[in-house]
Amino acid sequence: MTAALSVENLEVVYHHTIQVLRGLSLEVPERGIVALLGANGAGKTTTLKAVSGLLPLENGAIGGGGIRFRGERIDHVAPHRLARRGIVHVREGRRVFEDLTVQENLVAAANALAGRAAQPDFALVYGYFPRLAERRRQLAGYLSGGEQQMLAIGRALVAEPALMLLDEPSLGLAPLVVEEIFGIIARINAERGVAMLLVEQNAMAAFGIAAYGYIMESGRVVIDGPTARLVNDPDVQRFYLGYGEQTTEVASFRDVKHYKRRKRWLS
Amino acid sequence: MSGAIDWLLLAEFSLVGLLSGGVLALIALGFVLVYKGTRVINFALGEFMMVGAYLFWTANVFLALPWWAALALTLAGVAALGALVERFVLRPLAGQPVISIVMATIGLGAVLHGLAEAVWGGANLSLPELLPRKPLLLGEILLPGQVLWSFALAVALIAAFTAYFRWSKDGVSMRAAASDPVTAYAMGIDVRRTQRLTWMFAGVTGAVAGIIVASMTSLSPSLGTVALGVLAVVILGGLDSIAGAIVAGLIVGLLESLTVAFVGGQARDLVPYLVVLVILMVRPYGLFGTRDIERL
Amino acid sequence: MRIGDFHASYRHDEALFDTRAQRVWLGLLLAALAAFPFVGGSYLTYLACLLGIHLIAAAGLNVMTGYTGLISLGHAAFMGVGCYAVAVAERAGIPFFLALPLAGAASAAIGLVVGIPSLRIKGLYFAVATLAAQFVLGFVFREWESVTGGVRGANVPAASLFGFELAGDRRVYFLIAPLAVLMLLGARNLFRTRVGRAFIAIRDRDISAEVLGISLFRYKLAAFAIGSFYAGVAGGLWGYFFRVATPELFGLPLSVFYLAAIIVGGLGSILGTILGATFMTLIPEFLRALVGWAEAFGLEQAGVYLAPLRQVVFGLLIVGFLVFEPHGLAEMWRRTRRFFHLWPFRT
Amino acid sequence: LHAGLGDWVEWKNGQGGIAGRKLRYVAEDSSYKVDQSVAIFKKIVAQYKPPLFYGDSTGWAKAIAPELSQLGSVLATGPSFASDLADPAKAPYYFMPGPTYSGQIEVLLEYVSRSAAGAAKPAVAFVYSDTEFGRDPIASGKAKAAKLGIPVVLEVVTKPGAVDVSAEVIKLRRAKPDFVIFHGYVLAPIPEFMRQMRDAGMNARGMGTIYTMDKTTIDQMGAAGAGFLGVMPYRYSFDTEKTPTMALIREVGSRKPNNPWQTTFYTQGWLVGMIFEQVLGRTLGAKKELTGPNMKAALESIGKWDTGGIFGVPIALKTHSIPVGRVYLVKGSTIVPNSDWITIG
Amino acid sequence: MHILEAEGLTLRFGGIRALADVAVAVPKGGITAIIGPNGAGKTSLFNAISGFYRPERGTLRFDGADITRVPAHARAALGLARTFQNVSLFRGMTVLDNIKLGGHNRLRAGALGALWYLGRAAAEEARLRAEIEREVIDFLEIDHIRDLPIDALAYGLQKRVELARALAMQPKVLMLDEPVAGMNREETEDMARFILDVQEERGITVMLVEHDMGLVMDISSHVVVLNFGQVIASGTPAEVRRNPAVIAAYLGERAARRRVA
């Protein structure tokens, strides 16, 4: 069976000069959730942008390697066409259309259905996010952070995606909402069979719903494996889950402060 | 003079002023459409008007086509021009600061102006009247026909565009693309298409306004300068408010007429601008403009 | 080859011209400027004077628009204020070395008034509001006949120093050139201090600048005052140079000319101001040469198409620059320079 | 204009030049921008040291006036008829090839005054643009009207390219003038004024000055131009009265294809050439250097000079302008004389 | 002793009540965390304190003085510094200039002096530079990025530069709006270390808005919980964490249970 998404040896350069990805490879199976973790600036967002075709819009270019969606090469397809083929990118920082209402945001997303027989199913979105239903006529710019994130995911749902690229959906959200959103993401995956590539800083939450994980560092993957194995990896425990030295408990921030540690995977 | 006649005069000036706001609103609409679609003030709008009027002249007078055929040809021509402008000027500039794009439209205006002068010459040409001239007499008050009709035309166009942006899917997509083009792409919106559409609309409304203005005055490469004066209308209504264009057009038309009546023609441009400035101090986004969401 | 900058102290690190080579170059440049009118001939001297005026005015606009982000479409009108101020001051018998600062001050005072709306009105709305300033001042120039001479304009006597008339291009050059150098240096200095930083912060995001302790009221107005002071001085020099002030000289096209200059040169860059203003001043010369060639090659009618052609080329150059070099000539210069690490100027 | 002066130079050189010297004509386009035209002036003066210069706008003329006085070696002229340029005391080396704008308005007012059959003089209104061009003759025009006893019932100022004139027309309708004198425009908004005045049932007659009265412009007015009156200092090239110079202009001008008749500008260019010829001829004839003062003297010595039909009467350049003109009437597609040559002041 | 006291702050946007009669007292020298659901009004509270929003009602006392009517820029000069939820660095400037901007209010040069860059203007610039190098750049370990433009920085570094800029203001109270959002565990630890140093070694009072409960519970001395613009709880981290209202509105069962120290 072909994977929903496979990325091979991807190289990405910004402004013709700044190399960000250096031979990154990963795979997302059909109907699966895959987590992608890594430090700030490792190139996670860049990876997603490369897949969804947004890279050229930000002065970036693919310098080598390839990206396949269900077996077909998609490296040089225009982003709106990719969206219409079912790859939907929920961008970092929510990015709702601020001066459109909630409903209009969803209508705008229905563009992704162009060329498909499907009719936009707004009720589905409001079913997953009842809070959005209440705010249907409100300008999206005035929604709270969590509501905006819900709208961003809801917008992606309208597009009936086959593959969803989620970039830090928990960013800036209250713990309760994070829980709620991760719950919904898992439900969408289970109920609608959408494959997902999930970029997250909150490793605990990500491992909670993903079956497989990649950890990247300076533009390439340094560790990968089923999440069940990753949570037992001592490096992952220390640097992503925050376990203290010699313990299997999360250390207090007060205790880590006076010595400085630098993790560097050699690769 | 008795008081009664003064009132009549005032009424006459006011009515004529209000109605002549129609032309202003029509031109303002051209600005608003581009702003709505791309967040830029199109300083080349005047030149779009001028080119539209010249195309119409060429088709209608020079080639002697009937007016409807000439109009259709003209609109197709300016729409194509708008698409070209989008492709070769605006698209490469995506992501640049607003002022650069504004400057590019100024440069574009100069190019169109120069080309028009090279092609059609600098002399004045005249267009046949399109709108019926028959004036309407309300008692003592005389309303010039073309003023009335251009008002009606402006209202109709503005209503159509308002509905389009509010309810059609393309309209919503255009607004989304203007708000955040990158995300719009990610949502499956063909941003290039919406922007091309924006500029084609701008060309079309500009040409309609240009033909009307040219038929009321005369046609020369400097026809476009009238558009600059209309900017007061645009910011009064709010740069992104279509309905604002008509309301502000009426207000400024009225102000201009009253200024001519009681101050003198030399202050015609000035008084409206000053009034607009004062209003803007109270409402920085005009009467109906959307305020930018400023959050920290 | 210079591999890196090594500095003994922070103060040294902050210096404008920090190596010996740079100082030598600077000296040579100044010497060349002093010798120019004797070598360059009268027409080139005329051009140099014009360029000097454009440089000062463009630098002022760059302070307002390029650095502080307040788009002004009324810069020419501020120049007009300076020009008329000089005309009036000369009538009152005030010598030029007082009249010029006065011209700047008059213009700055009006700039303060025009700047006030910028506290509430932002972005393109404000740009259009400055258009109102252009129109209002134009109106004043036309209507206030007792002072401005109305549409007929006012004559400006030649500047004179102890009875020595600064008439003729060569003499005026020695008024304009030092002032231009000084004022450009001043503008450059501004951005090494807290004042300049405040301007840039306001441009980048005014609301967070305010929360960080920058008084928008004070600094937006200061930017306007400085920008229009520069315009006023440039206008005053214009008066001494062309010896006449009429309303149509200081209209919207001139404002657009300056905007084009700083955008083509590079917004928020003094180097850009210099390159942009020079470029814009030379375009007509270039075009004239072009038509000359065209005529030489037997295109008799080339002259007739010069006016439209000039417009087309003006527009194309602007659009072309924006499309192909959006950060202006200054950026182009920097890129070229990166090839030549040897070059002695630090930007 | 360029064409007129250029053709004249060519023709004259074909005839052997002036006093045996060939003329050289250097032209550049300034696109009517003051700093451009000043730059061109300076460059041409520096490069070619011409004795005569034909410039453009009023702004240019004013900007170079000090320079001109200082140079003292160039005699300049241009198409601007602004009154204060025609002042040998203030602008010693400048002259204009026609009557000042004030002069033109005076011609019109004379005509209005003469047209009155009865005792009551007809009422006039002035409509002018808010430019130097437009405002130039208004004050003196009003003074003249007062002297002739013509009531000025209204003054209307507009932008030069005004679009919407309905408010102005309301004012005109109420003021009920018999003649409306337009000045400071070439074409727009005069036709719209005329049309709206007709629509409003007014039958005042429109009047214009030199640059409105070019045939090209009048043709543009179309139906609205019928009955329009205007002052013109020169004969039209299609004038029915045959005169030698106009015949020559017609002949030389129509050597180019598609040129059945010549514009006012063409005639003006030609006239300027002829005046230059007079000046050069007279200066060189007196065996004097081509200096400013000498040329000025030569210019001022021109009196009772017959232009061979450009003007219907002999003219003088004592005042650095030519205070002569006559009123023409637009009739169908042509323009016919409607008065004698009127000499002012 | 309280360095900052808010009383009855009320702020409305159209129909939304961002703050409703909020009273907060910030003890001097401690770390006070403000938590609450999204849209609860935390950032609005910061904005009201720093003067960007004008509350309809309520008073603010800072360091013993009433600052309710003091304009925003003057509050910064009094010693209120902050960072922003969405990084708000000035992209047209280098890192160093951004940090220097923090010193703005301690310099005196006026526009005229600045034009000539003589005497005082130059001297005070040099002094500021030395001070920043010593106390901010070295401390936050950002010396290697001094001359870079902001755009070239990874997100985590940008947050650190924002902190540097705020520190250059030499504030009495430092308000941090979500300082570790989007950071992984390791980077969060770095930031925690800086915050603790600022508070313990420099005696600067810290106010903190954050959704990372691990961080909040570990380092803060006092927690205030907002919901729908109202204070629903306040106290020590341990108290707040057990509060059922807080659990219901904000924490959720899982987060409340996790890692009970």
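Order of writing sets the chain letters: A, B, C, D and E. Residues in each chain are counted from 1.
Just so we're on the same page, contacts are C-beta pairs under 8 Å (C-beta built on N, C-alpha and C of every residue); 3 or more make two chains touch, one makes a residue touch a chain.
Everything quoted here is computed from the prediction, not taken from an experiment.
**Q** Any chains in contact with both chain A and chain B?
**A** Both chain A and chain B are touched by E, going by the contact rule given at the top.
**Q** Return the chains shared as contacts by chain B and chain C, ordered by label.
**A** D, E
**Q** Along the shortest chain of touching chains, how many steps lie between chain C and chain E?
**A** Graph distance in the chain contact network comes out at 1.
**Q** Based on CA centres, what chain would you say lies at the far end from chain B?
**A** Chain E.
**Q** Given the two chain pairs B-E and B-D, which is bridged by the higher number of C-beta pairs in contact?
**A** B-D
**Q** Whole-Å distance, chain C centre to chain D centre, using C-alpha means?
**A** Distance between chain centres: 38 Å.
**Q** Can you work out the whole-Å distance between the CA centroids of chain A and chain D?
**A** From the centre of chain A to the centre of chain D is 76 Å.
**Q** Using Cα averages as centroids, what's the distance between chain A and chain C in whole Å?
**A** 49
**Q** Round to the nearest whole Å and give the separation of the Cα centres of chain A and chain E.
**A** 29
**Q** Where in chain C do residues touch two or more of the other chains?
**A** In chain C, residues 142, 207-208, 211, 307, 310-311 touch at least two other chains, as defined above.
**Q** In chain B, which residues are in touch with two or more of the other chains?
**A** Within chain B, the residues that touch at least two other chains are 266, 269, 296.
**Q** Provide the list of chain D residues touching at least two other chains, using ranges where the numbers run on.
**A** Counting only residues that touch two or more other chains, chain D contributes 130.
**Q** Got a list of which chains touch which?
**A** Inter-chain contacts occur between A-B, A-E, B-C, B-D, B-E, C-D, C-E.
**Q** Can you list the chain B residues touching chain A in their complex?
**A** 94-95, 169, 172-173, 175-176, 179-191, 290, 293
**Q** Which residues, counting only chain C, touch chain B once they are in their complex?
**A** Residue list for chain C touching chain B: 65, 71, 117, 120-125, 127-129, 131-132, 135-136, 139, 142-143, 207-208, 211, 252, 256, 259-260, 263, 267, 305, 307-319, 322-323, 326.
**Q** Which bits of chain B are touching chain C when the two form their complex?
**A** Against chain C, chain B makes touches at 35, 41, 88-89, 92-93, 96-104, 106-118, 122, 221, 228, 231-232, 234-235, 239, 266-267, 269-270, 273-274, 276-277, 280-281, 284-286, 289, 292, 294, 296.
**Q** Tell me, which parts of chain E touch chain B in their complex?
**A** 43, 46-47, 52, 84-86, 88
**Q** Can you list the chain B residues touching chain D in their complex?
**A** Against chain D, the touching part of chain B is residues 9, 12-13, 16-17, 20, 23, 123-126, 133-135, 142, 144-145, 147, 213, 216-218, 220, 222-223, 225-226, 229, 253, 256-257, 260-261, 264-266, 268-269.
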